[in-house]
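Notes follow the structure.
Should a chain be cited, it is by its letter among A, B, C and D, assigned in written order, with residues numbered from 1 in that chain.
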């Protein structure tokens, strides 16, 4: 998955916090910020998830959509859909969260086809559906605010 | 459970991070710091557990023993023993952790007999096995360091 | 001083960290971020100044210029130019800092003509020299990163 | 100045926040925590001074006395007594602060006779007036709370 290319759709077995599955197709016209996480990943809990909750407070919903993608590649017995629902409730996560479809080995399908290295990974998708940045690990709040705004200001004609 | 009284033993279905169950009886002679937590409780993850890991680094093991007690009173389907083992691994928790025995309703047995209000709760037990303090919620590091040292310095003759 | 209007020039008795005085005239074409501070203002030291140092690391110098304005309106005997030089050295402040010209009362001239309420105040000036935002007190890093980038992306033709 | 030895008295030109000079002689019977600082030392402002303000909130005044010692060994022109008074006001420092007496070179007299390395330095003096610990740089809150309580619990008979 190269930056600048159109990002393929999330392959989810289930979505939380929304009534119908989200697709990048439908979200075109908005910047999409995707937090790829695992509920038992300390860096996701301490930094990644609070940061995208902050993105959601900082930008207007008509400009920026935040999505979570729960991509379990270890401790599968612990990070079940039921456990994730409890986690989402306790941490007051209100944006849509997709549960990545299990694959043949440990790696779930979306994480596999996107070629991600681990969690937390933050993906920025522009208004036209193209992947524009991916950050594995932490990124400072100020730099992220700047990156997202740069995409917001591109407009849709790009 | 009144402060100053001998604390009754933990009723556990299983212990992690130790080969035999811990008892307050056997631990007599040492100050015991017990962190009562749930793995999906945000305050436990952000404050309570890192703080007792800090207690463990600050005091000598011959003076102070840190124990965890996983007392699940909600989201039982999510906070299973298997999930807790994954959590303990990911958060690098190295002190003994007891899994509180399920009770008749939602409340597990040790939490019930000790009359605790919720998680995180921190209990301080003196060298003679008496409960000396309990803190529901956060307590500053400096105050906790002082409280634990006060018990350490009491000696065992008390 | 209304937002959207051209910001009048800084009236300084002295500049630190630069060989010639900075003017908004000369800086046209770049976004200018001005931190109005006092060296003995706790909020400036703890938040405002570290934040604009972060702005300076986050954006390219050809896009964004950070300036400090030391506007002393209290404790004049303590916050002398000599004291400010020591402060700037100890806190490793490397952007140009203007010393606001003393006025007739306690209020220095630039702070007076700009109508500022206190310190820290952060001013954002667009590429065409117009004041676009002012923040008295703290602003989150992510929101500031977004605001500055929005101005960076306006271009100069605006 | 060796640990375990009686600490010699502070040689001050002036005391702030108290009506008569403090002496270790008079303070005997209490633990004394001395923060040696400079008002333009970033580590003192960010960590050392807030920490001893925390000591003052954590322990009872009849057990623990906090003193500040302003020992200027650089930027003498900036860190004058007038500047220190403004600093103490702005940072809401309420414990007695001694201004160390200037020496022959840059080093002030108390700092010189005590053989200190720099600022911030934290000194712990027991109830009998003996120096028991000195920390140059940062020390964690929990460890400091424990150290101070250990001295509080020694009693005066020691």
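In this section, contacts are C-beta pairs under 8 Å (C-beta built on N, C-alpha and C of every residue); 3 or more make two chains touch, one makes a residue touch a chain.
Since the structure is predicted, the reported quantities are computational estimates derived from the model, not experimental observations.
Participant: Looking only at residue numbers at the subunit C/subunit D interface, is the share used by both copies over half or under half? Answer same or different.
Facilitator: Over half of the interface numbering overlaps between copies: same.
Participant: What is the chain whose Cα centroid lies farthest from the Cα centroid of subunit D?
Facilitator: A
Participant: I'd like the Å distance between the centres of subunit A and subunit D, where a centre is the mean of that chain's Cα atoms.
Facilitator: 50
Participant: Give, as an integer number of Å, the spacing between the C-alpha centres of subunit B and subunit A.
Facilitator: 35
Participant: Residues of subunit B that touch two or more other chains: which are they?
Facilitator: none
Participant: So which chains end up touching which?
Facilitator: Here the touching pairs of chains are A-B, A-C, B-D, C-D.
Participant: Going by the contact rule set out above, which residues of subunit A touch subunit C in the complex?
Facilitator: Residues 51, 54-55, 58-59, 140-150, 152-153 of subunit A touch subunit C in their complex.
Participant: Applying the document's contact rule, which stretches of subunit C touch subunit D when the two form their complex?
Facilitator: 40-42, 45-46, 74-75, 77-80, 82-87, 89-91
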